[in-house]
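In the two complexes below, chain A is the common chain; its partner is chain B in one and chain C in the other.
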Partner chain A sequence: MVSIHNLGFGYSKKKPVFEGLNLELQTGNVYGLLGRNGAGKSSLLRNIAGLLTPTSGQCTVKGHTPHLRQPKFLQELFFLPEELHIPPISMKEFVSVYAVFYPNFSQNQLNEYLKEFEVDSTARLTELSLGQKKKALISFALATNTPLLIMDEPTNGLDIPSKSQFRKIIASSITNERVILISTHQVRDLESLIDPIIIMDNREVLLNAGADVIAEKLSFKTVQQVTNHEKVLYSEHSIRGFGIVIPNEDKSYTKVDLELLFNAALEKPQVIKQLFN
Partner chain B sequence: MEFRENQAIYLQIAELICERILLKQWASEDKVPSVRELAVQLEVNPNTVMRTYDFLEQKGIIFTKRGMGFFVSTDAHDKVTEFRREEFLQNELPQFFKAIHLLGIDFSELQNRFEAFKTENY
Partner chain C sequence: MNQTLDIQRLGWLIKRIWVENRKLFGMTYVVMVLLCIATYYLGRDADGAIVDRDIRFGSLIVGMFGLGVLFANYIFRDFSHTPSTMSYLLLPASHLEKFLSGLFYVLIVYPIVIISTHSLIDYAAFEIIKSSYPNTPMERTIISYSELFETYFSVQDTRFLNGITILTNFWTFTIMGTLFFQRLSLIKTAFLGFSSIAIIAWLEYLMFHYIIGDLNNNISFNAEKDSFLTVYITVGIVLLRFVLPLFWLLIAYLKLKEKEV
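For the complex of A and B:
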């Protein structure tokens, strides 16, 4: 659905945020986009959403060129930014203003999500707490039923029960016609939900792979001592021993530890790139 | 659901289903929850649950009826026992061996305790 070739972008010519970036997103998936602060995650999301214009290369979404911002394209996508800009109106009024732009918007779904999240739809959005605002907008975003849904750090500001509701709602709303793309630093919140995983660093995509492909190639283990150092891609010390990432040689599938995977990708970007390309 | 760290999530979900079958919460020919229902319940990616179902289907523990979803096989109980036995011997027993070796517990003590355990519980 999303196809990116050789994409370059920068806020100034001297300092590109990314160059020659390639990425393909297929329908039916909840992608998790990981990268350290300043790696260009939000810039990438904004390029896909048409809010920024690439300096080189191509980005297409269902055949549309995002930065042209044609209505046909804009109705296929909902972008939920990390920092919300909300008018001082109630959810009901918000719907009457914005829902018309989305042909597949469902009021029933919205009501369901708001109920699940326990958000008061009659209160002014600006008077809600940060978490409540986020939940109101996440509900609206999902109810638009756009083929592409992009969320930048959606779980920031959500309390513990809301995070669990968020996972349930996302699990129920992904369909074979849809792509949900979530950028996050809260990997523990979304660990069992996001799959495939995309890791960005140093102006490029290091990895874009499903959990099963990752588990096929890499093992994530806790060991008491690190032996065969030459094979270990990454290790970190904790009270329980060493958390290690090592090529999977015995064909046993371990659970993909996203934190270890992320740190391994930052430490050995070339090895990770070769392994997954 | 909380997942342990050392095993792929789809296998942990498979184990959960196997447990329900062994405990007879899910009987032969029962319909199992749809992929989406179980994904929502466990808060995991539906693709992961699909992988679990594919895996259990390969093992003959569940089967598909066209357009109606997945059902528990007639001989699921035996198949699960067989699968769990293999799992135990391969994954859990080495851990157990490691512990008794480290702690210097010998087999005769285990034998006694095992007999006592059986009379107490069964």
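For the complex of A and C:
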């Protein structure tokens, strides 16, 4: 679906955001894009969406070149940015204006999602709370049924019940023809949802792997005392002891802890790259 | 599917602008009508009879000129804010369709609405004043439209045509500026516009002063002088009336195509 080869991008020639980036996104997955602030996550999303033009390399989405922004390509994509554009109209009017641009839009699905999220569809969008606005647009985004759905920090502004509804709705809306790419800092919110995981740092992709592959290669444990320091990729103190990440040498499968994985990738980027490439 | 221009998609984009802005358009229209009526009311002479022709003419040109620039800036305001720019650029329509949908309101709907509304107010004012003061020298129209069409494509130097020329240049220049500048686009565009006018005026002064010199002294025959001035004015008018507005629009369209966020 999304194919990125040797992609380079920078806002100035002296300071590239990323160089030689390679990435493949396959249908049927909810990808989680993780990275620290300034790692280039949003720039990558905008390159995929065609809002930015790569300085080198190639990025294609279903064979389209995104930065040409041709209608045929734009019909296949819905991008939900972190900051939303909300016109001063009701949800009904919003649908009447925007849905026509998306040939696979489903009004029934939209009604279901709005009901699930408990959004008042009769109110003007600008009169809704931030969380309600976000839920209204998430519902619309999902109902467009575009093959590629990109979301930048979708859970920001959502309360705890809404985050759980969000996970439920996303899990039910993924199909074999669709890719959902979610960039987030709130890894705990989406831990059970995103798989595969993409971690970006220092202008490159450190890891792009499914939870099963990660669990096969790494163990996530809580121990009272950290021993065997040379093997530990990352450790952090918690109330229950120490959370550690170590290579999975005894093939005992543990649940992937995204926060530990992310911190381990930032602490030992080369080790993580070698393990997964 | 046509990737450059599809009339159905263009229609959807035009509808989008209308649905999102109709309340504001309506309120602005009412304010505009009230301002025009107030101008006519205050523009009567001491007896309450004639409305000065300059006031009638000025209310059309200044109203269209001033508000038209604001309107042109407003229609392309999506570029003043990153989320709205993203939403606009990612709408499944071509750059040309997006551009034309804005131009439809600025260059077609707005002039039609303004001219028809002004004509209606002017007609009503004429009828009211004529019925109360039969001997008032108020003319039925401020300009004959047949005269307008006859002279627009010639080089005749009429005040109305100059007004239209300035208007179209200001509108199209504003559209270009709105696409170029994200923040405070109107102020920056105005600054750029007035700076450009000042530079052009200065260059023209230099050209006449140092290259051509005093026309009366350097060109001995009146025929030569007249011919030079005619060519100079013709080229200037063609540039201002036809070439420059299209040039600003072309630049604006190319900027829209290359816009990144």
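Simple rule for what comes next: the second predicted complex is superposed on the first by the 277 of 277 C-alpha atoms of A that agree within 3 Å, B and C clash if a C-alpha of one lies under 4 Å from a C-alpha of the other, contacts with A are read in each partner's own complex, and residues count from 1 in each chain.
FYI, a contact is a pair of C-beta atoms (placed from the backbone, for glycine too) under 8 Å apart; a residue touches a chain by one contact, two chains touch by 3 or more.
These numbers come from a predicted model, not from an experiment.
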When chain B and chain C are modelled together on chain A, clash or fit: fit
First (chain B), second (chain C), both or neither touched by A:A264: neither
First (chain B), second (chain C), both or neither touched by A:C59: neither
Chain B versus chain C as contact partner of A:V245, first or second or both or neither: neither
Partner chain(s) touched by A:S192 [first = chain B, second = chain C, both, neither]: first
Angular separation of chain B and chain C about chain A, which is computed from CA centres of the superposed model and rounded to the nearest 10 °: 150
Minimum distance between Cα atoms of chain B and chain C in the superposition (Å): 28
Chain A positions touched by chain B in one structure and by chain C in the second: none
Touching residues on chain A, where the partner in the complex is chain C: 46, 49-53, 69-72, 74-75, 77-79, 81, 83-85, 87-89, 93, 96-98, 100-102
Of chain B, residues touching chain A in the complex: 1, 3-12, 36, 39-48, 51
Chain A-facing residues of chain C, complex: 1, 3, 6, 9, 12, 15-16, 19-20, 23, 81-84, 86-95, 97, 260-261
Residues of chain A defined as touching chain B within the complex: 28-30, 164, 167-168, 171-172, 174, 192-195, 210-212, 215, 220-222, 253-257
